[in-house]
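The following pair of complexes shares a single chain, chain A, combined with chain B in the former and chain C in the latter.
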Partner chain A sequence: MTIIRIDKKDWAPGLEKLNSSYRLFGPVKEQDFHNFKELAKGEQPDFNCLNTRLSPKSIVQPQSEIMLEFTLDESQADHHIMKEPAVNDKPRAVLGIRPCDAKAFQLVKLNFDTLEHKDVYWLRNYEASTFVGLACDNPCSACFCSTAGSGPYNEEGLDVLLVNAEDHYLAKTLTPKGEALLKSAGWQATIEPGAAEAQIAAQQKSAEERIQSRVYTDNLRGQVTNELYEAPFWEEVAFACINCGTCTYLCPTCWCFDIQDEVHGCAGVRMRNWDSCMYPLFTLHGAGHNPRGTKTHRVRQRFMHKLKYYVDKYDNGIQCVGCGRCIRFCPVNIDIRDVIDKMNTYGTCQVDQS
Partner chain B sequence: MEPAKLTNHKKGGRLENPYLPYPVRIDDVIVETEDKNLKTFKLVFLNPEDENKFAYEAGQFAELSVAGQGEIPIGIASSPTEKGFLMFTVNKVGLVSSYMHSMQAGDIMGVRGPLGNWYPWEQMEGKNVVIIGGGFAFTTLRSAIIYMLDPANRKKFNEIHVIYGARTPGMLLYRDELMEWEKRDDIHMHITVDGTDDPDWQYNTGFVPTITEQKAPQGNDDTYAIVCGPPIMIKFTQPVLDNLGYDHDHIIMSLENRMKCGIGMCGRCNLGKEFVCKDGPIFTLLEINQTPKEY
Partner chain C sequence: MLEYNDKIREISKKILKECKVDLVIGFRKGSVPMMNEPHVVKNPDDVDKLIWDSHCGINLANYLTERKEKVGIIAKGCDSRNIAVHIIENKIDRDQLYIIGVPCQGMVDKRQITAKFSGEIQSIIEKGDTITVSGNGFEEKLSKTDVLQKNCAVCTHRNPVVYDELAGDLVEEQRGVDRYEDVRAVEAMDSEAKWQYFDEILAPCIRCYACRNACPLCYCPTCFVDESRPQWVGKSIDPTDTRTFHFLRAYHCAGRCTDCGACERACPVGINMRVFTKKLEKDCKDLFDWEAGLTIDVRPPLDIYRPEDPDEFIK
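Then we have the complex of A and B:
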């Protein structure tokens, strides 16, 4: 691992160089919030935000994505036969992704990269991406990354970690992909690692101390699935929920999708679109039966998936990185930290279960 | 004994893109039932080499793909011992299935699969197999019966019983084959209908649970029951099997849920951490008992 010093005056020229071999993505201000966007030539990522409103998951899993294409024109020899569309696999540089969101990609990868099947669309986008993280120095009150398997300086899922200093960034090179990107931008000023590491460690300690919010997840794995499923608190958790789907939409670790055909004239595409376990149509059978027919079923599915099914299936912690978006933007103030607490302590403390 | 853990690794080669269907041509369409709501589609691969890639086992399903309409997960009704075609029986219920009912021989569509696990054939070798089916949930059961009756396979199994019921004689699937199996002495057929005014009806009358009580052999270590049918049939058949002494790891069921991807990724068909599409659709009742009942 090497540490590179990038003077801020060299930042824009470096991006200019990167532009020829990478598609650049970064946070951009839209109205009063930020979102990840593909940067136009010369456009700068705006690092003056705690984090983007939406997670950057759309860079790897677009909200709508063409999977296959076809023609219904029977004069064509290949009518009604599905074809793979042309692929743009030009490398992507994701600039300023927060450590929590980068870790989220690693959690989600377990779903799309399995022994039996590989989701070629997700993996192609993921593998084309180089993640240049930006360490968090000012976490907010809803951030609980440090007890959700991540942290403000967490390096998992990143190729480079940028640490903001006054007139420069310290860039920790974490993978060969990251090294290649820094080289391609012409950022090569290695510095004496001892002092840089000490500076990073000090900033990291201060950032971690600012995170006041904690969750305890140690009992989740030991809980019996069906007992947790039948727990009496689900009605209470779901009571205020309006099934709007905002939580799943913002969440960096929600990956569920729908597949739909769209036709215009004789030309058609098979697309996939983000979907949400909050919506009744998600599980509705053709014959009318719905195994998750009530909002309590659906709210329970969301939390059980993240905090129990995922935990049991992969033995890789919870399917949550503590980014806090669902807490900040839930219109009825449902707080995943409270639900984690209810699930983690279920059966251990009778007083709290009323 | 250990719960019957059904392996779900895939056989044969696969296309690199698991969402890309094999192109097929509809070879024949057969109206199965008197209400005309069930049709059987016989499909032939446009590229003959795709048939080898689509190596399947009885109990698996596939996504039927109709360009411009979408995909539906349907159990494979043909048996791996039948070569040169695939067969699917489709109930007219939603967008894709209704559209398929208007398609004809010669039309081009797609098949993606095979998907899911299959009936635990190795585990059932040397055992008695009791097949209990109701209504149109008889498709992969047909596949299973054809597979077991194949001369190369019949000796692998001990007694075979089939209890199959529908509302009326005209609602039974695969009637010609049922009648042929009735004539054989290596399979015990117990066909039943809820009711009929046909004076010549020479088989059983009564609901599937009742006929199961009367005709099914006692449960023991050497006997497996495979149960597929509407929820109401399953609900009333289970206590009958309990009374007959079937352990829950000897009761095998094939489940359905709304699906899109068919490969465990899109997130909707799960019972707890198990995906019906990938970890199932075949589960033992013992396994199902350990999951939330979201099917």
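Then we have the complex of A and C:
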């Protein structure tokens, strides 16, 4: 691991150099919030952003992604044959991704990259990406990353960690991919690691102290699944829910999708689109039965998946990185911190410490 | 509006104790600034959880759909109008309801207030017309009138139109409000400019359906966008499909929409889809002299045929 000093005056020229070998993605402010976008030539990522409204998951799992193409034109020899579309496999540099969102890709990868099944679409995009994280010095009040398996300076899933320091960035090289990117940008001013590490550690400590929210997840693994499933609090948790997909679409760790064929004229595509467990259609059977027929079923599914089924299946903590988006943007203020607390303490003896 | 709290709790406790209702639908204090959570109270001892302030913008009529119980519900002007729409559309019986009317002075616009500050807002304190906003390193006082939700700023029915009891004195309605300035601006555009404007408005849409699901009118058992045989609308974020969803939804709301603003408030990406529903609202006003939800005795214009209905637009 080396630490490189990037003077801010060298930032834009470095990106200019990167442009030839990478597609650059970064936070861009449109209207009144930021989202990750592919940067046009010369366009700068805007790091003056607490975090993006949508998570950067769309860089690896676009909301709509074409998997296969076909033609219905019977005069063509290959009509009705599904074919792979042209793929843009140019390496991508994801600039300024927050550590929570980078960690999220690690959690999601367990689903898309297993011994039995490899999701070629997800893996292709993931492997093409180099994640240049921006350490988070201003966590929001709804962020609880440090007790959700991540943290404002967490390095998991990152290739480079950038730490913002007045007139320069300290770039911590974490992987060979990250090293290659820094080299390609011409950022090579190695500095004496001792002082830089001390500076990073100090900033990290201050950022961690600013985290106002914490959750406790220690009992989730030990909870009996069926008892949690039948717990009486689900009705109350679900009451306000309107079953929109905001929480799932903004979430960096929600990965569900639906596959659709669409035809325009003779040209057809097989595509996959984000889907959401909040929608009745998500589980509607062809025969008409819906095993998750009420909103309480659906709300319970979302939280049970993230906080119990995932925990049990992978033994890798919760399927949540504490980014706080669902808390900030749920239109009816359903708060996952409250649900985590209800699930974690369910059936345990509460000691009054007041 | 904070003074309503005691009265809301008192009435709720009374109707629960007297078994006039099985439950009361209201709001409880939110966990983040400028948000409250719709909440149901069934036990008279729990009524203290109910609160009312300027962050109760979600339309509670949305929570009446398919209810079989006797329901107490807290209703500001627009909520009460949507309750009237529910009643006239036979979604719920008037006799099933005990409506606690809340004369409203507008809800504050979370988005507008957030946009005023570069740092994160950590607390909001409301006192009369003054809203004190504070966060890390800043504190500022705003006049509530200046930061109302856009629909509240042009609201002409702040008082509930149908209720059993009021939580406060009726307030003066806003007079001389120009409700349709924005709609006229769009009407004045040529066709190309309109399409461009619509595309710009809808560009950030992620098809999460928060607007539809926050809307008390959108109670269809299966929404047209969820139909699969036939499938009317594509599922991707193709602009044509996104437009189709928003336009058709607006048409489904014609003569029914009360401009409660729940759709725009719920949208996670700040789309002003009210510009579509308001155009239909204006047409209903111009053509049929109709405003939705003001009565439970007259059927809405798109439900009935009247010989005197205007027909100049049929060519």
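As a convention for this text, the second predicted complex is superposed on the first by the 348 of 354 C-alpha atoms of A that agree within 3 Å, B and C clash if a C-alpha of one lies under 4 Å from a C-alpha of the other, contacts with A are read in each partner's own complex, and residues count from 1 in each chain.
By our rule, a residue touches a chain if its C-beta (ideal position, glycine included) is under 8 Å from a C-beta of that chain, and two chains touch if they have at least 3 such contacts.
Just so we're clear, the structure is a prediction, and the values are computed from it rather than from any experiment.
Steric overlap between chain B and chain C is absent once the structures are superposed on chain A; the two fit side by side. In the superposition on chain A, A:41 makes contact with neither chain B nor chain C. Touch criterion met: A:285 reaches chain B, while chain C stays clear of it.
In the superposed model, A:334 lies in contact with chain C only, and not with chain B. When the shared chain is aligned, chain B comes close enough to touch A:118, but chain C does not. With chain A used for the fit, chain A forms the apex of an angle whose arms reach the C-alpha centres of chain B and chain C; rounded to a multiple of 10, it measures 90°. In the superposed pair of complexes, A:255 makes contact with chain B only, with no contact to chain C.
Once the two complexes are laid over each other on the shared chain, residue contacts for A:297 go to chain B alone; chain C is not touched. Applying the stated contact rule after C-alpha superposition, one finds that A:90 touches neither chain B nor chain C. Once both structures are fitted on chain A, no C-alpha atom of chain B lies closer than 6 Å to one of chain C. Looking at chain A, you'll find residues 258, 260 touch chain B in one structure and chain C in the other. Those residues of chain C that touch chain A in the shared complex are 30-32, 35-40, 58, 62-63, 111, 114-115, 119-120, 122, 136, 204, 206-210, 212-214, 226, 228, 234-238, 265-270. Interface residues of chain A facing chain C in the complex, by the touch rule stated above, are 30-33, 50, 53-54, 63-64, 138, 140-142, 236, 239-240, 242-246, 248-250, 258, 260, 262, 271, 273, 276, 279-281, 327-335, 337-338. Touching chain A in their complex are the following residues of chain B: 8-10, 14, 16-21, 23, 46, 65-72, 93-94, 97, 107-110, 231, 256-258, 260-261, 263-270, 272-273, 278, 290-295. Against chain B, the residues of chain A that register as touching in their complex are 67-68, 70, 72, 79-82, 84, 111-112, 114-121, 225-226, 229, 255-261, 263, 268, 270, 272, 275, 277, 282-287, 289, 291-292, 297, 301, 304-305, 308-310, 312-313.
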